[in-house]
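Provided herewith is a single structure, encoded as structure tokens, for subsequent inquiry.
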Amino acid sequence: MRKVMPPIRVPFSWGLGAVAALLPLSLAVIIIFLLQAAWPAIAFNGWGFLIHNSWNLGNMYADPMTVRGIEVLPRANYGVLFLIVGTVLTSLIALALALPIGIYAAIFLAEGLRGWPRMVGSFLVELLAAVPSVVYGLWGYLVLIPFLGKYLFPWLAHTLGVVLPIFRGPLGSGYGLLTAGIVLALMVVPLITASLRDAIVATPLALREAGMSMGASRMEVMRRIILPGQKPLLVGVAILALGRALGETMAVLMVSGNALNSLPTNIYDSVSTMASFIASQLDSAMQDPTGMAVHALAEVALLLMLISILVNAIARGLLWLSGNRA
Amino acid sequence: MNGNHRMMASKTPTRSFVINPMRRLVDALSWGLAALSFALLIFALLHILVYVFMKGYPALNLKIFTEDTQGIAGGLRNALIGSIVLSAFALLMAVPIGVSAGVYLSEHGAGWAGKISRFLSDVLVGVPSIVLGYFGYIVMVIGFGWKFSLLAGAITLAILMLPYIARTSEMALRAVPQTLREAAYGLGCPEWRLVLRVLLPAARIPILTGILMALAIALGETAPLLYTAGWSNYLWTGHFTHEGVGYLTYVIWSFIGEPYQSAHQLAYAAAFLITLMVLLINISARVLLLKWRR
Amino acid sequence: MLKMSKTMRGTAVAVLAGVAIMASGAAMAGTVSVLETGSSLLYPLFNLWQPVYTKENPNVQLTTASTGSGTGQAQSMQGLAQIGASDAYLSDAQMKQHPSMLNIPMAISSQMVNYNVPGLNGAHLKLSGPVLAGIYSGKITHWNDAAIAKLNPSVKLPDHAIITAHRTDGSGDTFIFTQYLTASTPSWASDYSYGVTVSWAPVQGNIGAVGNPGMVDAIKNNPYSIAYIGVSFKKQIMDDKLGEARLENKDGKFVLPEIKNVKAAAAAMVPKSPADQRVSLIFAPGAESYPIINYEYALVDAKQPSAEMAATLKKFLTWAISSKGGNAEHFMQEVNFVALPPSVVKQSEAQIAKISG
């Protein structure tokens, strides 16, 4: 077959650029769409959306009425503070658990193991990130919740609860804030462990030797010299992990207790997160004949998206500054 | 590793032999915590896997593979095929676009346009999958009138996979030695031929690994599919729109909450199958990469 | 990519071949797929119907999904599902938006108020609308509250906080439960009213559950809890030895959701059904009437995209409401429903006749 030069005159790279532009473009399209879908809700809810605890579609069997030129059901009122609080708290608990465990596990992998045991160990930890969200939900629902509700929560209330009020009862049944936090921690911990392990392994030998020659033990070198040097990386990765936890849906939906309109009073209380709420409420919202509930849900999605983008942008910026790319 | 530690310490002169019990205690505690943290993670992973396999394996039988779901009983043929078909079509869309974007970022990504697209695709990775699902529902399912359908589900999954594929392809291509490019250009090779004949073949294994990882993520997703692919008790009939598609993760999520034993068995079997698939993909990706590095 | 290892290519080919073989049994020509989604209360009945009906009519593919009445309403109005299952009829505003929607009763159902109070689960505690409204609005917080004690003078009630369970998904059970509270308690009517989704008061320790299965689970796992659960889950409630409350009816009598009480209430309310059958059967008069009963609706668009779909739906729905088909006693008994009385079957048939393609 005779080779034929492509008839296109446009440089090849332009074509590549056009295809590559699809990625940022899809991001822009999603944001524009969400903004458009959320607009009536933003106009109707105002700032109250962020500071009230009220997800109220209104009286569904009454006739719609017009408020400030917007058609809504009587008594419709939307405030999602409880979702914002639930999302932030579950993610922060996840981070508080995942950071120390992730860091220590990375130290163990980098310093305690070598050769194929390190490789297999690292792979196993990274597999934690590969387990599907819904499988975490299943395991959380069938294994973790009964265990926490029966053993860990009562124990925590008896020990930590004596000192810290947020650990005091009522204990609930195992669904809730702490449970969601634990599941999320397992899902994001590989991110922390893998990045830090790589960074430790890549630490210049000279730095270790310098520390050792001063009489420091390996662990002291780690704690005093290597880890402080990885602070920017750790902060970046931690925020990245936070971003992932914020948007997690199925596992949280299955273990969080799905509270409505109420803020948690202790660490065992049920919560809802923005992501899980969108999953569980979209169809209920669709029944609102005025469409306001769908707009309000789009506003939740927009809020979640903006928070995720912000968190991710900060994390990427920090990682970029620290010269790492996770 | 404790012995290891002592051995290393003994090499260091003078001061480490001045026994400071406090320092030793802190050291031992730190090692203990490190080992404990690692053990905890491994235990959690193994517990999840063993639990899913122990519950799921007995729930498997021939019917699971040969029959479709009947309400909350029957088999999982429809869901298994549905999961594969959804991911396959998502791959079909995401791979050409993702790899091309990766080529662009690696070969022309030095300028501001490249930096911005790289940053934005990293941000796109962070968009929660449920937001993508919401987008797919309102735009494709309702807006375009496709209803619950293969196409709506596959496109949503493709958007989800795109940034992963793009970024891993970029990394893979960047690792290709610069000399190869110089040699090709020196021979008067046009860029398209350089990319297709030199760069992509040279980086094929890491690119493939990235694609496999994206596939594993897509197979395990639930949230973006609930409102785009919907659900069906029947095998995919070949229609791209207007007909829901079943998938395994739906069975896990939906059937475990039903108070019937038959529903639970299906959920366990589905969890077993999806976890096994994701696990195998992850292991083969890892093995591929290791073999290639050697 | 050409140098992809042989084993890998072999695996890929094997996987594809496997998929092809498994898929080859599918895609028979001339089949019609019908999607039913919605009420978790109707779901068990549809799952009983599905294998029987599709065996007799192999050209029909019937997919069932338990998603909540809210989903049934939303997806049937949008044309995503051919049959939206709902314990609640569509509102006036929804009908105005989708005038071609039909609300066709499939059966008569009732709702239990269940509780888990250790030691008292066999006692059938007496509860009234105002007491339930007090509990669900957070005004009555303990089981030994004077209002509950007054209804149950001979029972020793525990001094323990009440854990309320409510549905977080759009639910017809929420609809009929809050209709009962609205009809019996003026303060509930003005503060909360009724609907498929209600803005629940933030009662301490309350549990949001998804679907009737989630409600059963919630009270099973939480002692001192209370929930409203569709009667098709009665078997699970009995298996788990949970409590079933006697509710105060309009005549001030306390009754259980037994078939004879449901039939008594139906006899009082059914004659009031208008031609479009959108009617509340709640809080029926009569000494024996159980206060929370309702029609289980199939929400169907009268205007179908094809004549084939219209004919399929007509045939299926006619079968479903017939006493020789879906309303046969063995189906009804399994889920504790009551078959439609002949006058309602006539009305439903008239509505089914309006479906066209």
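So that you can tell them apart, the chains are marked A, B and C in the order they are listed, and the count of residues begins at 1 in each.
We adopt the following convention: a residue touches a chain if its C-beta (ideal position, glycine included) is under 8 Å from a C-beta of that chain, and two chains touch if they have at least 3 such contacts.
On a predicted model such as this, the values are computed, not experimentally measured, just so you know.
A.B. asks: Can you tell me, using the touch rule above, whether these chains form a line, ring, star, complete graph or other shape?
C.D. replies: complete
A.B. asks: Could you tell me which chain's Cα centre is nearest to the average position of every protein Cα atom shown?
C.D. replies: Here the chain at the core of the arrangement is A.
A.B. asks: Just grab the chain with the largest centre-to-centre distance to chain B, centres being mean Cα coordinates.
C.D. replies: The chain farthest from chain B, judged by C-alpha centres, is C.
A.B. asks: Which chains are joined by the largest number of contacting C-beta pairs?
C.D. replies: Top-ranked chain pair by contact count is A-B.
A.B. asks: Which whole number of Å gives the spacing of the CA centres of chain B and chain C?
C.D. replies: 38
A.B. asks: How big is the gap, in whole Å, between where the Cα atoms of chain A centre and where those of chain B centre?
C.D. replies: Going by mean C-alpha positions, chain A sits 17 Å from chain B.
A.B. asks: Which parts of chain C, given as residue numbers and ranges, touch two or more other chains?
C.D. replies: Touching at least two other chains: 78, 210.
A.B. asks: For chain B, which residues count as touching chain A in their complex?
C.D. replies: Contacts found on chain B: 1, 5, 8-9, 11-16, 23, 26-27, 30-31, 33-38, 40-42, 44-49, 51-52, 96-97, 100-101, 103-105, 107-108, 113, 116-117, 119-135, 137-139, 159, 162-163, 166, 190-192, 195, 216, 219-223, 226-227, 249, 252-253, 256, 267, 271, 274-275, 278-279, 282, 286.
A.B. asks: Report the residues of chain C in contact with chain B in the complex, numbered from low to high.
C.D. replies: 1-4, 15, 19, 22-23, 25-27, 31, 33, 35, 46-47, 50-51, 61-66, 78-80, 210-211, 213-214, 216-217, 233, 236
A.B. asks: So in the complex, the part of chain C that touches chain A is made up of which residues?
C.D. replies: Residues 67-68, 70-71, 73-75, 77-78, 91-94, 96-97, 161, 166, 168-170, 193-197, 199-202, 204-210, 218, 221-222 of chain C touch chain A in their complex.
A.B. asks: Which positions of chain B touch chain C when the two form their complex?
C.D. replies: So the residues of chain B touching chain C come out as 65-66, 70-73, 77, 80-81, 84-85, 141-142, 147-148, 200-201, 204, 208, 230-238, 243-244, 254, 257-259.
A.B. asks: Would you pull the chain A residues touching chain B in the complex into a rising list?
C.D. replies: By the definition above, chain A touches chain B via 6, 11-13, 15-17, 19-24, 26-27, 30, 33-34, 37, 100-105, 107-109, 111-113, 121, 123-125, 127-128, 130-139, 141-143, 186, 189, 193, 212-220, 222-223, 240, 243-244, 246-250, 254, 275-276, 278-279, 282, 294, 297-298, 301, 304-305, 308-309, 311-313, 316.
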